[in-house]
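Labels for the chains are A, B, C, D, E and F, by order of writing; each one numbers its residues from 1.
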């Protein structure tokens, strides 16, 4: 039997974010498990900040998934852009959104989740996401660090990420925090230690969920 | 002062639907009010049924709005495709979605609204819309007539529309019904009379709202 | 055909508030549109602050509407007093409440609406209104200016209105603000500019909605 | 010390309903407890069916309570008419609404409560009440018996009450039922036995709650 | 006929808390009412702080209730531990939880209730309780005093209780406060006076509700 | 490094259910992944039907987890009994409940999930679970097959499971179904084919989630 394969698509064109995701999911590459391939989207913008950015990648994602024979797909942008259209295109193969997976995992670790947001414009999308997912009663809020996706993959941002995480706990009364971008994985443990509540890196969670879906065919 | 203008975009390429919308909004063309121009979207699919259909028109709508100097815009598809991206593109000019406007108007006329849906695949979008709008507690449900957008502009469909409306009242306990497509206006009064509760045609409501927004600059 | 007519009833007896409403709706008086008549309610209290104030005007409003042959009615108090009883009395003619119309319009411009309240006693009514409308998940909160209805029509109040609006944005995380009284229209644009988010004057919105309802007979 | 007194006001003028309430609360008249006085409202309509009926009794109730020196008040109509205005008028003395008390008690006995409604026009009020109370997620629905308040105090109505209760269980999936009128107490046990789930008579519950409030001064 | 009897079980083994409850319910012991017996649970922990504490008393409570012939039971811990299992064991006899009763009573006195919590670990349970009760939209939040159950029965704690109550009003915008432990009754009136909103002692409310249930057999 | 280990505890004492779970999770046993050990709970009842059954296993589960050095735990009963107390006992090691995991996975595959319930008494627990999880707006309902846990592991039950699944789709309008017991895995694919919507086996999902948690240390 051919080895199964999960395709993780970073819908922006920032190579540093793609690399950060690739590194973040390394612990999930195990013997007997599916291959995990992480790719960027050449047609994507450098980062997804505005709603236009998010919507601009939907058809490219649909096309990418349609022509790829992977066994499962992960959309590695916290806006979960095109999640439902991509699911149609995947013809029954599992499609995981990192926001959905990250938030649901967070809800197993705390009562109220907060989101570290890149920018004010992404907060509104996160507010709509909490409602469309039907988990609004457990959403503590989002806090912006005012950064681009590419910046979050670097080291300099850590202090601001910690500050945002702490504000979510003290101002918004969150007891679990989700990182609202796919490139922040290297900061996860440090933020969790600094703020004293669990911190979730959503791309890792989505890939883990994809492994389960591939193994179970469900 | 130049006369103000509202651009109503039917995001599908069905001329009969565009014509039906044009006729539906005729009562709103008054001497002192803005011009109301109704256009189709050449790039759009014949009708919007799948999520892919809905998402495929977002960037064309963004582009259309960006290059048009209208004073306000109405997105005349019940999926409100690209509503938030188009709002960004409109640079502060009002953008009205027909689902938002139709549903909010319905909530002034009844306690629980139902939606006549074109197809099962649109029902899921309507369920998500009720949640993202935050009005889920007043959503009675959707009932499919299993038709294309173009069919709903014709006369043959009326019986099925009435049946769906009645099912919403008796099965889902709706007390007001919204037509879940922009082309059904000619059937509105007949359905309302047949089922005994108010029936809302959403494109009319969105254009009416656009007139107010234009006159008030809010 | 006789010209259609919208009757706007300010349920308090404060002439300055009635005059402020009359001025606020001036942009909606257009050729081809319905007449817009703004009247006070002689039986009403000077302002509506307590729940008793609000309830005391319901039967007078019912009586006023019953004996008036207007084509549509607007209840111009943010408590929407007697909305459902007046609708019964109107025998199918449209009845618009300014809170309902202002809030629904706000929900098209932001994710979370806040309300500038006259007094602490009106905040509780606004909390109940958000729940009864079913839009509680999008209600950021209310902030009191501690003023009477008549005061809000004057110029001295502007600073306090701005402060309340700013508190709604910074403390309650609102991204759109509704003025919680019918007499504040002259301050709308100034507050919006000062606080950086859209501000809605609800009486204007309700009259705009009434125009649509009259033109569409829906 | 003078004996404490609870005033129960039936806001309609139907003597048979007042008598039915008086009989229903008899088990709550105990040594050491407060007096329980049940009165009708001469100004009230024969029954409260329309919203106008409900609103018409608010100011008479406010006036009745203002001039009465009872230690607590029960509003014995399932619309809880004027509940908040009467609370203002009572100056800190407890005011209990029978819908509030009946519904909260029901929520201790089942997961989803249904309401036996007098008429379709009262169902809408009950839907609003479930939302304004914030317990909509536990509201299974209402079922109308198509009767007047006075009829419900008589014996002939029992079969229809049982049918409505059964429909709430089988159609709406309620597991506890509240009687949506103050005059139905004599049927309570019989309906409960027939339909197999607990049935709550709300006037009894409100008077019981008033006794607690009087004894505890809270 | 034998006198009816309500058994109030304090599920912790702290005699001072049991004594505080006994004193708190004294005003509810009236000539014609049921006996009210307050007991501790020898098997219980000194106080209920962790979830393990709460769960550890469920089977002892089930056993206690099974072998006792009381006419109604009150579980006097704000976690309402084992409420549904104890109801099964009671075979139809009423079982009242103090959190359920305290919160429902609070909802008659304000729009948004806050809870004075013993410790951060109990806040999470209160958050889950608000959701499971379906009253989350009216829950303002909880504020911890960082104390044990036994401490709350003493006098030294009053200042911290007042501080927590005030924080609920000013930070969380509560307009009614529930004491989140069964032993705080002696501080109730003082806190209410200090913070200016009603304060509910839940054990009193549950015993009052039990009296009604016993008298009404419902 | 020692191989990591997931302990799956079936909290009832039915060996056939334990065996069914063991078989269900076989596809998740891969070369590079953790060991997956499935055990029954000797102290548990034959099946978990009443709330007493569910609560009776909490302390035994707490004790089992406390003394076991597994790296993660799965509670394999759809009531998720003792989930929060076991998490405390696990000292930071992941604890997955099968209801939580099954329901969150279902929410990625449909808009409204339904649950195949063993018995009417488990439906109430599922209703509370949907609320406590905060996903009530996406819960279509539960449908009972009237069977014991042991029966569901056998072949004879399949027709009743299909009937229940179909009722969830047609009566409750679910578009994804979760099996409400840990022993039904062998029927999953057959039910899904028969009813035409995805069907989730929750024990598989929880073990898959545990693998991710073990690999990611989150």
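As a convention for this text, a residue touches a chain if its C-beta (ideal position, glycine included) is under 8 Å from a C-beta of that chain, and two chains touch if they have at least 3 such contacts.
Quick caveat: nothing in here was measured; it's all calculated off a predicted structure.
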By that same contact rule, can you tell me which chains touch chain C and chain F alike? A, B, D, E
Angle of the C-alpha superposing rotation, chain A to chain C, to the nearest 5 degrees: 120
Taking the mean of the CA coordinates per chain, how far is chain B from chain C in Å? 26
Report the inter-centroid distance (CA atoms only) between chain A and chain E in whole Å. 42
In whole angstrom, how far does the Cα centroid of chain A sit from the Cα centroid of chain B? 33
Using the touch definition from the top, which residues of chain B touch two or more other chains? 124, 128, 131, 133-134, 136-137
Complete list of chain pairs which touch one another: A-B, A-C, A-E, A-F, B-C, B-D, B-F, C-D, C-E, D-E, D-F, E-F
Touching chain E in the complex, chain C uses residues 124, 127-128, 131, 136-137, 141
Residues on chain C engaged by chain A in the complex (per definition of touch): 111-112, 137, 173, 175
Would you mind writing out the residues of chain C in touch with chain B in their complex? 27-28, 30-33, 96-97, 100-101, 104-105, 107-108, 133-138, 188, 198-201, 204-205, 208-209, 211-213, 215-218
In their shared complex, chain D is touched by residues of chain C numbered 50-52, 54-56, 58-59, 62, 82, 84-85, 87-89, 124-125, 128, 131-134, 136
